[in-house]
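Note that the chains are named A, B, C and D in the order they appear, and that numbering of residues resets to 1 at the start of each chain.
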Amino acid sequence: MDTFSPLPSNPVLTLEPNQVMNQYLQVRQMSEQLCEPLELEDYMLQTSAEASPTKWHLAHVSWFFETFVLNEFKPNYRVFHPRYRYLFNSYYEQVSGGIYPRPQRGLLSRPTVAEVFRYRAWVDEHMQALFMQAPQENWNEIVRRVLIGLNHEQQHQELLLTDIKYNLGFNPLRPAYREQSPVNDESPGVPLQWIYFPGGVQDIGVAHSDNFAYDNESPRHSVFLQPFQLASRLVTNAEYLEFMQAGGYENSALWLADGWKIRGEQQWQAPLYWERQDDEWWVYSLNGFHRLNLREPVCHISYYEADAFASWAGQRLPTEAEWEIAAQAQPVLGHLRETGLLHPLPASAEPGLQQLFGDVWEWTQSAYQPYPGYQAASGALGEYNGKFMCNQQVLRGGSCVTPVDHLRVTYRNFFYPHERWQFKGIRLAQNGV
Amino acid sequence: MDTFSPLPSNPVLTLEPNQVMNQYLQVRQMSEQLCEPLELEDYMLQTSAEASPTKWHLAHVSWFFETFVLNEFKPNYRVFHPRYRYLFNSYYEQVSGGIYPRPQRGLLSRPTVAEVFRYRAWVDEHMQALFMQAPQENWNEIVRRVLIGLNHEQQHQELLLTDIKYNLGFNPLRPAYREQSPVNDESPGVPLQWIYFPGGVQDIGVAHSDNFAYDNESPRHSVFLQPFQLASRLVTNAEYLEFMQAGGYENSALWLADGWKIRGEQQWQAPLYWERQDDEWWVYSLNGFHRLNLREPVCHISYYEADAFASWAGQRLPTEAEWEIAAQAQPVLGHLRETGLLHPLPASAEPGLQQLFGDVWEWTQSAYQPYPGYQAASGALGEYNGKFMCNQQVLRGGSCVTPVDHLRVTYRNFFYPHERWQFKGIRLAQNGV
Amino acid sequence: MDTFSPLPSNPVLTLEPNQVMNQYLQVRQMSEQLCEPLELEDYMLQTSAEASPTKWHLAHVSWFFETFVLNEFKPNYRVFHPRYRYLFNSYYEQVSGGIYPRPQRGLLSRPTVAEVFRYRAWVDEHMQALFMQAPQENWNEIVRRVLIGLNHEQQHQELLLTDIKYNLGFNPLRPAYREQSPVNDESPGVPLQWIYFPGGVQDIGVAHSDNFAYDNESPRHSVFLQPFQLASRLVTNAEYLEFMQAGGYENSALWLADGWKIRGEQQWQAPLYWERQDDEWWVYSLNGFHRLNLREPVCHISYYEADAFASWAGQRLPTEAEWEIAAQAQPVLGHLRETGLLHPLPASAEPGLQQLFGDVWEWTQSAYQPYPGYQAASGALGEYNGKFMCNQQVLRGGSCVTPVDHLRVTYRNFFYPHERWQFKGIRLAQNGV
Amino acid sequence: MDTFSPLPSNPVLTLEPNQVMNQYLQVRQMSEQLCEPLELEDYMLQTSAEASPTKWHLAHVSWFFETFVLNEFKPNYRVFHPRYRYLFNSYYEQVSGGIYPRPQRGLLSRPTVAEVFRYRAWVDEHMQALFMQAPQENWNEIVRRVLIGLNHEQQHQELLLTDIKYNLGFNPLRPAYREQSPVNDESPGVPLQWIYFPGGVQDIGVAHSDNFAYDNESPRHSVFLQPFQLASRLVTNAEYLEFMQAGGYENSALWLADGWKIRGEQQWQAPLYWERQDDEWWVYSLNGFHRLNLREPVCHISYYEADAFASWAGQRLPTEAEWEIAAQAQPVLGHLRETGLLHPLPASAEPGLQQLFGDVWEWTQSAYQPYPGYQAASGALGEYNGKFMCNQQVLRGGSCVTPVDHLRVTYRNFFYPHERWQFKGIRLAQNGV
């Protein structure tokens, strides 16, 4: 994956060929299933350097298996097309042959969509043949790489949805990914509550285990935390609108310096996808163009906006350690991709921490940096996570387009503070007493 | 058309509805016929601000008829889609509703290609209905506008081919518009001869006549010319290669100041579409990727390169008046689009001026400026030609992608001096003795 | 000079050493005299790539004599400083050693101003020694080059004033070059009259003669002109204000396409140096910041604004041939630099053509192109004029900062159509009847 | 100061008027003393947006006292010039009247240098009068602000030297700030040793105390550290050269992704100020242009280069907490500005941690973020530090241009990871065993 993370630092798990093949086929089929609502023209769209074409995602994740598995471990493997090594390399400098420029991914009509699907079929066929052979001596390494490749493809499934939203939303005709009525929600808003945590020396991160995790989640290590409190739910559109109406976007005192600058340059006045029509706010989503639901969590905001909102509210954002300590006891359940909503939902009236997983990724105050003792793997796969540990902020908790079996409580997502096109929102924190 | 010209200043010709309808259908069908070799994905490509997507061309020329004919003269006409007025306006500031940004034409997957063809069918159906009615009182104005619209569409047919060449050629896979072997040409090169013209007071431009011409070709007027000589044929690839081998791209003394600057910025070292492979030059064309034919005219060069070449050769480029005086006696024949070559051909061994029409547009030394007494029409259609009379150079003679019934000896094409993506080449001139 | 012109194509005039030395000293002293009102800090200012620092002008014109005269003709001449060859080369690609980047001329504190004056004294001393020796065999070539160098320095005197106006005017404190009350002008405006010229075959340009002229003014040659009329005086601020109040800056129908684009990008709403304060227009000049005088000629406008104004007035700009034919019979008199006004003056009530020379340069409709038969000199001095013959427009008539003995009726000044920092205005023309 | 930090969170110290006045005069005089080697022209230089003119520094630090002290607490105070509020505001959005654009600070010749010194004298005079009056009721707040202002001015003294180095070094003539022979150093290099620290729960930061500290250094708080080791000395030029010779600048595997990108764009191949002449490396410093001393600490590198070097060496950079814990027991002694060296010195052969203070700022792995419980002050002075807590990295230890009485072990300096113009170098760390 390209803007996210991985590489498991954990010892390789012993999986049977059959199990691996099943997982493989499931994930691969899901990528294609997500494309079903699209017109053929939609596959080519790239309306910003960040938002890659659907066609490119489909090819790149196949390139990943071809480059890191088939080329290395399948005897006599012949690549589908010699130039794909170049065309579909995302950012792996150590893979020879160069990297096709990211901002130009939408400028290629060939290979056609049909050809890309043939490429996928070719790779799948050879991967299955490889699983059948299951060569004894490299099997562990093959499994390790396949698991990375599948998690990689799941990250791209999330990106595929995020990017298609951005790319279709760019069109003045505002076409929907799929037409669907918004959830009919008549419930009143849920009051925010503060949940207290005592802090002290605590452990976070992933220890060596039998389950897959990315390398950036380890080593498990101790941190010292002051007492803190976490908001029971996400910040809502209603609350964010209050911030806007109080002049939040015009009050420099609330903003980080870099945020104030980009706000001016890009003329931010509301979250991405909000549009004022007559006297009402509307919002564009994968389900179409609808009136803003005030009880839904605010979404598609930058770190700068999240931080400014927190300042205005007299609170702050949590650190990633605080978030993880608070979430450790919770099951990974929520409005994730499998719900099929593809849009965050209002909080329910239940007590305790809500909306921790799914709905929106939660910006944390923590810069994305290596955990103490972190060591990136060697070789091109080592580029997966480690080289991005500068200038980005950690986000936690997954969103409505994250696959449920992809997420963990230790999962560290990361983006640049100015980026808004992912499903990102706000959970407030404050110092404990 | 958007970077070219029009508006007839000549009195309206009396054409029968049947004649108009026949011309209309012929031109409209040709636009679609030119798309037949394309994959659906190719229709969306825009790899530079100048090179518009095929899909956009197909829609914009229909918009032209809808906006300037149907909306004005068809009673109760209902537009196909209300937002197309905005999406497919190229540069007509006086058409209300705004202009969708040119560099972003390739960022729209909707309307789909199929939808654009439906748009064309809708416009054609209503145009035919209008021709049937042939309302007496507006008939002359309708014919005037339809003729502009058809010439406009022919210009876009040329652009469609030029742009698809650029957009496909951008792809590292170098896909051809259609695969076709290069003309097998074993003939030796033809020696260049100088044809003498005495000059004096001469008339150029279009007088009021029964045939269509753009407004920028009139009024017909006198100019005073010194004696001059014109090269009998175009400059060949062989000759241009000599210039390159003599260090032409590194010798500032040969270049205009603005040309020297852009040469450095863009790192020009050869014409567009030339590629060095091992020790040979190859060239990309609509027919595929082939070895450079040295006897063909050099093509896809900027005005700066044409001027530097002429300086190196100790000659100069002709003025547009010289070109027109020399060409006046010649029939409009040559390797134009109807030959189906879509690539310039070597000169033949016949005596006299050759390759005047077709093959490549010929850069002239003349800045694109109004003829004395020129008056742009009022209203949005007046924007067609007049507002571009600054910073551009005139080209003459048509190219291998220009429709034959679109060209005239008085035809003035114009482009910015740095532009290379059109089929442009060099005819030398020198002062007479 | 760098953005202007020269090189005499005329045979060398026989001047005595004494005459040359006198001219030389006069021109050189004038450059330094123009700097007297400046603070030392002002010499370093460069607030745009075009507006060079005073210090740089003073050094560059000395570099010109050092490079093209002393280095070539003074035996055993030792340059003042070896790096100045690089630092003070403006645009002569053929002078070896490279060209220091133009936009960074203001980023050098060394050499100091005092050092630059020492450099001037060094060059002057050696030039005088050279004149004393007056070597027989090269004398004609030396004189030819000295005359170019002196005309070159005069062009830089004009630029020095234009640039210091721009550079000081950039400062929010609006410091004056010198404080001076505006001319107290109570006279009513003068009505515009149209002067008729019959056209026909006419001669323009410079023939070989005994007087200095730049190469771009020759050869003298015939042109054919339609009958035309020229406005008796320049367009005034009052008239330009009418254009503004009629929405001239918001009406795309009046503008050239390139002009409309830059108008939007740069947010032009008035000429350069105009400022709205409360309900009045003020204007910054070399004499300070004063209320706009409505009877003065409008000044500091681009070609695009001049052309849009003419369209709005239902007229057009003259061609350079029309201007020269009309001016041929007139003496070169007017508000030039020697009047000490340094600002254009209102027209007087005399009959006939007024304000032809001085006040403001007059934009013509003519692109700057070579006259038929023009040949640039060989070598670096050949770069003076010829390489700029693309993308620029000709201006005629001199301005209030042009030295009187520098100007001629055949003089061709040229600038890019978007440039506004020179003293440029409008004289209208129309077709004769 | 503008790119650094402040605001004391500590209770105000009771200082006598005399003491304050003495400190005030000392700091203020030092600023002027640092300018003595400059030519008047040097005061105006700004060769990048970051490197402000000396003249601007001198005025801005006076503006600080005028704006935050005199305007607030001096009865009937009249500002020196009403437009200075705008011209010399660096980044305080909450000070009304706007902020003059930072990249254009070098484009103002007025006020002149002499005028800026008069401005300083005016402010000093009124500050002294204020100290004399020593108004009882606001005295504590005045002292608090004066101390910030003095520390602010000291930060600008460091910037003044850093910026003048950058601005003079830009000049191809490579003028020295002052000519001085490099220290004659014949000692052999000192071997690097690893100093072990056990980690555990430790306290860092500033508690409320009687000494001045910036707000970003507090609150004092606990952190949990793994055992770690710190290099006994800084990385030397010799070691850095090894990295270069081993292809460090061409090996993407060593670099952070953002670093690799900027390295390519800016074509980094060595630290800033290094120049290859014939076969030797030279280096530009405030003392002139000299041969590179291999035993000196490497200096003027970005965070990306520091991190890539550490990767190549198989080590890492320290966190700021590790650095502070290691330095806590050490006196603040070293090659700071008072030594007059203005250039880092080789390590000596003494045992233990060396070069902790002075020589070069040491990049840490820690992003610049708020300490737990940090609270920025309200009002414009609250903008001093807090709003920069994103996208920057912490540096520790001061440099050869840092005033000794300005530094503390808890001092947090911060810069963007790509910035190289400050005196920044590398101390390695590794995990303890």
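The rule is short, and it goes like this: contacts are C-beta pairs under 8 Å (C-beta built on N, C-alpha and C of every residue); 3 or more make two chains touch, one makes a residue touch a chain.
Remember, predicted model here, so these are calculated numbers, not experimental data.
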Handout entry: Equivalent interface positions on subunit C and subunit D, same or different at half
Key = same
Completion exercise
Taking each chain's centre as the mean of its CA atoms, subunit A sits from subunit C at a distance in Å of 60
Fill in the blank from the handout: So, in whole Å, the Cα centroid of subunit C is separated from that of subunit D by 47
Practice task
Please compute the C-alpha centroid of subunit B, do the same for subunit C, then give the distance between them in whole Å.
Solution key: 37
Fill in the blank from the handout: Where subunit A touches two or more other chains at once, the residues are none
Exercise for the section: Indicate which of the five shapes (line, ring, star, complete, other) describes how the chains touch one another. Expected result: ring
Handout entry: Which pairs of chains touch, using the document's own definition
Key = A-B, A-D, B-C, C-D
Problem - List of subunit B residues in touch with subunit A within their complex - result: 39-47, 83, 86-87, 100, 104, 106-113, 167-168, 170-173, 175
Problem - Residues of subunit B touching subunit C in the complex - result: 91, 93-94, 201, 221-226, 252-253, 255-260, 303-304, 307, 365-367, 369-370, 372-373, 382-383, 387-391, 417, 431
